[in-house]
Structures are given as structure tokens and as C-alpha cells.
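There are two complexes below, and they share subunit A, which is joined by subunit B in the first and by subunit C in the second.
Take a look at the complex of A and B:
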């Protein structure tokens, strides 16, 4: 293999400058808020409208399948969705497939319930974690109380007011999976397509492109992708918080990265013109 | 093969060490001045902030502090996972109902009967740890593979192939809503056409029984363009995801460690 060409000292310096510019671009909006506005995407709006269209008192199942590593993107959208449900007096049923996400899930549910003055077991239920993945979804499709005989706090789910008239997955009009892994596909195949409920999804930006085919095939009724999706939901709720502020930093970094990619390509072409093609 | 060691002059090493010590002192002063770490929550925040900054020190160069933080992360994640597996799976599913908090005698047999097969299969998996008895684990694996394939194949074929195929081959005019205007309908139809062309050309690109020459070569090249666009979209989203993680850490440092009001 030929040795890398170019001045490595300059390249190292350029790398440090790039890091520095990214750091400054991320910090600037927290010092000087920018007048950047954006319009919520169609798919985020569809999920919002689906929640909005549910009759008061309807059950909504949330599967928060992520851990603190994906908190930056998924926590704000989870917060927005739960706030929306509580604001509309819906009954959130919250669970997770990720054991490392239970603590985060509990904090999220208790925070939003306290803000809205809702009571566990009465207005919402936090089921916690159960192992099983797709088997658990199939089990919930047969009997929700059979799959989770107790909630996270150890109260029996049988006869719980928050689960009134909810015996199995098909009794729930809307399920939303907020995921940092492949659980959305699992919910589509083992849940939505088998038991016939509407499925919405939110996910990290990294896995967002994998989910677009399911939007086109209408297997997902709405979708929030990455920090942008979270900011969209905050905008529609008229409660701009961390994600909206984060999007300002995101936009500045993107501008810098676009400039960097274009200039690096010009530099690459220029090097080839001046020095000739590599061996 | 181990990565080649970077040669660093003693002077540079001394300067780096001084800067590191200076940063450490500055970090401690800032942490204490803002709020003394006397509560468990504050100690957690200061530790989290310190570890975050140490992780980012890798951007300058690999260093012992980064290595410590990296190993700490792996160890804590493993320990946390083990405790959670005990607390959320083993204890409530097996140990509590059968040993710690057993129901009365008649109900005990019912509880045991519900759990005995999974318990035996789980124990069989553990025989992987023994060379002599590892063959026993095959029974558990056989059941898992057989069950997984039996349940999974029809479901996956329906959801990931048939439903996707149905969406890809529907008539072009079906993409437009009946009440949509001229331009909206046109754009929807164009989108459906692009999806159709993309699906066909990419499938053709992965069809290796025919040499990609002439018309076939042109179709295959269009397939490559579609793949490149798809990789570009994935890369763009990945960049967005990574920047979001940085933003999340910066928000933690600003709002929780430095306690800047929002």
C-alpha cells in the first residue's frame, strides 16, 4: 500500500480546527439564540393528528425501547408524546423491551404524570420491562394481563382502572414504539400486521432511513426521526424545549459540514489535477 | 496487531501533562464553585460531567484517562446489565414465585408447571460452559431455532416482502389522493414512479445470472445511482444522529453541570 500523501501535520491541524468549529457551532445557540424556524414534517404531523383524533379516555400503548445512550434524541420525543396524551386525557400504557431503559422510562412517566396531576393505575399504567421481545408482543396480543400480571410497582393489572376494557393488543387503537434498535420492525411484523392496531414510531436518526419503506406501505401511521422529529413534536405541542434548541445547533453544524465536504472534495480534485492521479 | 505507538517528545509530554493537570484543577474548581458535590445527585452529575469531558479528550489523542473511562463504561454497563437481569427477569419470574415468596402448596405445583420447561431449557443453555456436557445445549437451541423459524418465517414474509411488494407495484395513479390538486397528484405519481424504477433497477443490479452489458448494464448503472443516493441519505442521517449525541452531552454540561438557567 502506498504511503498517504500530503502534509500530515497540516491534516492533523485541520482536524483539530474542524473539531473546534463543530464545538463552537454547537455552543453558539445556547449563548445567542438564533431566529431559526422550521415547519413540522408531514409524517410527524400525521402522528400528532392520530393522537389528536383519539376519543378522550382511549388507551395508547408506548414501548420506549431505548437506553440512556439514545436519550438525547428519544427522550424529548417521548416527553412530547406523553404530555400530549395526558393533555388530551388519554390513558398511556407504558412498557419497554430494553432492561437498561427501565430507569429512564420510570423517570419519564412519573415526571409527565406529576406535571399533569395523573395517578398511576388510575390514569396511566407503567408496566416496566419483561423479557421475550417478539414472543412478548405475541403474548400481549393474546392477553395483556397474562403477559404483564403486575405493573412495575407490583400492583396486579387485573381489574386496574387504567386497563379497563383493554384485554389484548387489538383493544388498543394506537401503539407507538420509540426505538433505538430494531424493535419498530418487530412491532410491525409481530404486532401491527397480526393484531391490526395503528402503529406510530419514533427512532434515532441512524435507523430512520430503514423505516421509510414502512411509511410508504402505510404500515406506520406516523413517524418521528431523530432530534428533528422530536423538535417537530415540540413545535406542534407549542412547547419548544431541548429538541428545538438542539435543532439550532444541529443546523449550524450541518452548514459547517456541508462546507467542509464541498471544500474537501475541491481540495481532493485540486490535488489530483496538480500532482496527477495516484498510483 | 497492536496499533503503532505514536512517538512523542519528552517536552511535548510534559506540556500535555501540565495542561491536563490545569484542566483537572479548573474542572474541580468550577464544579465546587457552582454547587458543592454533597448530595448523591450532584456527585453523579459532577462524575458524569468529568467522564464526558474525559471521553472527548480522545479527539486530541488517545490517553490514559480516556482508557480508564472507556473501561469503566464497559464494566459499569456489564454490572448494571447483570443486576437488571436478576432484578427484572430471574427474580420476578423464577426465584420469587418459587423460592422467596412461594404460594401455598397446591398453587406451588401450578407455578412450577408453568415455569419448568423454560427453566430446564435455560439450564441446558448453561451447559455451554462445560466441554463435556455442551452437547446438551443443542436441545435448547434446536427448539429456539425451530420455534423461531416456524413463527417468524410466515410473519416476516408477510410483513417485509408481501406488504412491501404490494406498496411498490400499486397503480401509479393510486399514489395520489382523490381530493389532491394537480401538482400534488403529479408529485405523488412521480414519487411512485421513482420508487418503481428504483426497486426494479436495484433488484436488477443484484441479479448476477446475466452479464451487465448493453441495456442490462445501463439498467444496472441506474440501480447503482439509486443505491448511492440511499447510502448518502443513510450517511446524512447518521451524521445527524452523532451530532445529536454531542448536543445531548452539551445540554447536560450546560444545564445540569454548569446549572445555566434555560
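Take a look at the complex of A and C:
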């Protein structure tokens, strides 16, 4: 990160000091945990309650649409949701619209299934990746086995016990899309509104503001936004892990950024008072 | 030659009209047509991936050949792509010829994904925290009333989203003050603005689709108007 032209030596130094403080603020809570507690948000609670309300043995479709870049925020919430499903003896059906996300999905599914002692094909299905985006969703709405004739491990989906009584999307009571892109809107337009299942969502903090209109219109039944959403879910599961630890680091970094913004603006106002207003 | 322009326009019009009308026809034929059409789209999407890979590699070959600024990074594109393609294909072939399945066999492809792609991807995204710190020092300025309002809103949302706000608010007997303020900002002004943008985008998409359907917009055919 080279210093831009025209910056004074002090401005450049201030930037490097800011980088150093951010690094320290991220690392400190992992060494010295802070006594910070928080209440889960209402939208996270709604998603948790929707999963709780499903009868035992119900199928839940998860679309994990992200790659390693968004892993820090989305992997912990995916982990929490899958653990919750296995704990309640639900049948997760896992897929992804992102080719780069297949490896992460595999890790997630195999890790949580092993923890819960569940068997592939019997208690859950990992469908892997298929291209098509919205067309794939439409195909799944007509026939799930037609869209995915085999699971990730190459076993035929027709007659698979984990997919018993699940022939198309409308046979699934809850779909959850964990997204680092625009797939939530796609699931709403081509899936939820057409085939009538409940849709929950989780996304990176950057995308979260885009989804608020769908929360108000009740097109989403619950929502996890960014690392905070993941930490909320861990709290409700009573299994605090990476997201909860991450929230402590995020707390310190946010407070530091706020201090930076305020002090930079005090400096800016002071400069305007001393030098006069800008052109 | 007139047919080189007319035939794609006719295909576009007929397919667009069929795709639109089948939504309103409650007949099994309409459902079968939709199923067939979406399957074709997915097959074309598969070919699109090859086209994307070709386009990416072609761009980087050009950068290396012309020794453009940062061409060394393009070499890593080829190293990375070759490593993943060779390891993936080799393992698929070995798996196909192996007389018995061996699910616990070491996978170089998975190893490269777990220990190279995952850490590299996560590292690049994590640099965002440092860019935000840099932006906080250099660019977030209350230059006018609108910018000042945006800054105040940003500070409330940033603070209200982290547990520190509940802790500090609790010291003054109001742990929910900042989280509730952040929620109010997100659920009302933010949502109203986002809904306006969504409506604008949707109307734009409808008008653009009609322009393509009726052959007014032809830039997708290439070669300009």
C-alpha cells in the first residue's frame, strides 16, 4: 500500500499507525477475551424459531452461495444452521450456485454430519454445484431429482431415503440461502414467490441493507446479517465459537474506526477554521 | 444480407413471447415447455463457463505477451489454473479406473483448495478492514449537511451493530439504545431508499426487456446498431 502522491509525511504516518492499531484490535480479543455479551436480533430469532417450529424429519434446503472470500462471515452461520438442523433431526439438503463454494460446502456438511453421527443419503444430502442460477431453481421447482439426478458423491438421488417425499421445491417447508452475492433476490423471485416455501437468508454485512425491503414485505421469514447474525445464531444455540469471538474483535475495530472518523473530522473542521473554507 | 439480422431478431421475439405467455397458460404443455427451456438454458450456462475461462486466459496471455504493467501476476493465473485443472482431472481419471472406491484417499485438488485457495481468498477479503481504516483517516469528511448526516448515521449503525454498544449503553442504564437506533435507521430510511432503487431497477429492466423483445435494442447482437 504505497502512500498516494500529495500526502504529507504525517498523513502517511497516520495511515500506517491506523493499520497497526487495526491489526492489534483484531488480535487482542483472541488472546484476552473481553466480557461482552449481546442480545440476539429479532430477525435472527425469527429464523431460529422457524427452524425450531419444523416437525422432526422435515427437509430443509440450504443454498450456500459463497466462496472463501466471504468465509469469515458466512461459514460460522452455515455451521450454526446445519448443527441446529442435525440437533433437531431435520433432513438438510445442501447445494451451491457458486463453483468455488463446493469445497467449503463439503467441509461444512461432512464436519457437522460427523459431529451429529449422521449418514449421507440417509439423514442428509449434499447435491454439490450445478450451473444455471435462476433456471436451476425453476428446474428444481418442477423436479428436484430431474435437476440433480446424482448427489455430489455420485449416488442417484432417485429413491434416496433423505429425499423421501421430496420431489420438488414445494415439498420443502424451509429454504435458507446463505449468500455473498445477489442470489437471495433470485431465490425470492424464482423460488419462494413461485413455489410457496418459506425462505430465510444469511448474508455478508455489505449486502444486508439490500434485503430490508424483503423483510418488511415478509418475503423473508428470518435473516442473519454478517458476523453479528452468525454470532446471534451461536448465542441462541448456546454454542459460542468463531463468530462470537470475532464480534469482540469487530467491536474494538468499529470503536477504533469511529474514533478515527471523529478525530479526522475535528481536524478537518479545525483546518477550515484556520485556513478558511474550501473552494 | 438481411437474414443475418432478421433471423436472430425473430428467434428473440418468438422465444421471448413464448417464455412470457407460458406463465399464464395452465396446461401441462406450458409446464413441459418451461422445463425444456430451463434445461437448455442450463446447458448453455455450462458452455458459458468454457467461454469465461477462454476469455480470462486470453486476456492474461495478452497481458504477458505485451509485458503490460503487472504482467507477472498473470503468470500466477496460469500456474494456479494449471495446478487445479491437472490435479482435478488426474484424480477423476484415477477414480474412474480404480477397481474399488477409496473415499479416504489423499486428494491434491482438495488440499490445494483447503490450504491455498481458502486462506488466499479469506486474506484478500480481510484487507477490507485496513482499507476502511485508511478511508476513515482520508475521506469520511462532513463537507456539507448531507455528508454530515450520512456520517452520523454511519457511526450509529457501526456502533449499534457491535456488543460494545450494549456494554457502554448499559453503563448509562440503556443497553438497547444504540442497537435500537441502528435498527431504526436500517428498517426505515435505509429500507425506503433501497425500495426506491429496487423499483427503479425493475422498471428499467422491464423497459429494456421490451426494447430487446421488439428489436429496438440490438446491441446484444454485436457490431453496434
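We take it that the second predicted complex is superposed on the first by the 271 of 279 C-alpha atoms of A that agree within 3 Å, B and C clash if a C-alpha of one lies under 4 Å from a C-alpha of the other, contacts with A are read in each partner's own complex, and residues count from 1 in each chain.
The rule we apply is simple: a residue touches a chain if its C-beta (ideal position, glycine included) is under 8 Å from a C-beta of that chain, and two chains touch if they have at least 3 such contacts.
The model shown is predicted, which means the values in this text are computed figures rather than measured ones.
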Mind working out whether A:219 is in touch with subunit B, subunit C, both or neither, as first, second, both or neither?
first
Between subunit B and subunit C, more residues of subunit A are touched by C
A:254 in the overlay: touching subunit B, subunit C, both, or neither? Say first, second, both or neither.
both
Let me test your reading of the model: by the given contact rule, A:139 touches which partner, first (subunit B), second (subunit C), both or neither?
second
Is A:209 touching anything from subunit B or subunit C once the two structures are fitted on A? First, second, both or neither.
both
For A:57, decide between first (touching subunit B), second (touching subunit C), both and neither.
neither
Taking the superposition as given, does A:26 touch the first partner, subunit B, the second, subunit C, both, or neither?
both
Have a look at where A:196 lands relative to subunit B and subunit C in the superposition and call it first, second, both or neither.
neither
Between subunit B and subunit C, whom does A:156 touch in the aligned arrangement: first, second, both, or neither?
neither
Does the superposition put A:182 against subunit B (first), subunit C (second), both, or neither?
neither
Enumerate the residues of subunit A that count as touching subunit B in its complex and touching subunit C in the other.
19, 22, 26, 69, 71-72, 99-100, 130-131, 138, 205, 208-209, 213, 216, 226, 228, 250, 253-254, 257
Considering only the defined contacts, which subunit B positions touch subunit A in the complex?
59-60, 77, 80-81, 84-85, 88-89, 93, 151-152, 155-156, 158-160, 163-164, 166-167, 195, 230, 233-234, 237-241, 243-251, 254, 260, 262
In the complex of these two chains, what residues of subunit A are touching subunit C?
1, 11, 14-15, 18-19, 21-22, 26, 35-39, 41-42, 67-72, 99-100, 103-104, 106-107, 130-133, 135-136, 138-139, 142-143, 146, 205, 208-210, 212-213, 215-216, 226, 228, 247-248, 250-258, 260-262, 264-265, 268-269, 278
Subunit B-touching residues of subunit A, taken from the complex the two chains share:
16, 19, 22, 26-27, 30, 69, 71-73, 99-100, 102, 128-131, 134, 138, 185, 188-190, 193-194, 204-206, 208-209, 213, 216-219, 225-228, 241-242, 245-246, 249-250, 253-254, 257
Of all residues in subunit C, those that touch subunit A in their complex:
31, 34-35, 38-39, 41-42, 45-46, 48-49, 110, 113-114, 117-122, 124-126, 129-130, 132-134, 136-138, 140-143, 151, 154-155, 158-159, 161-164, 166-167, 176, 179, 183, 186-187, 190-191, 194-195, 198
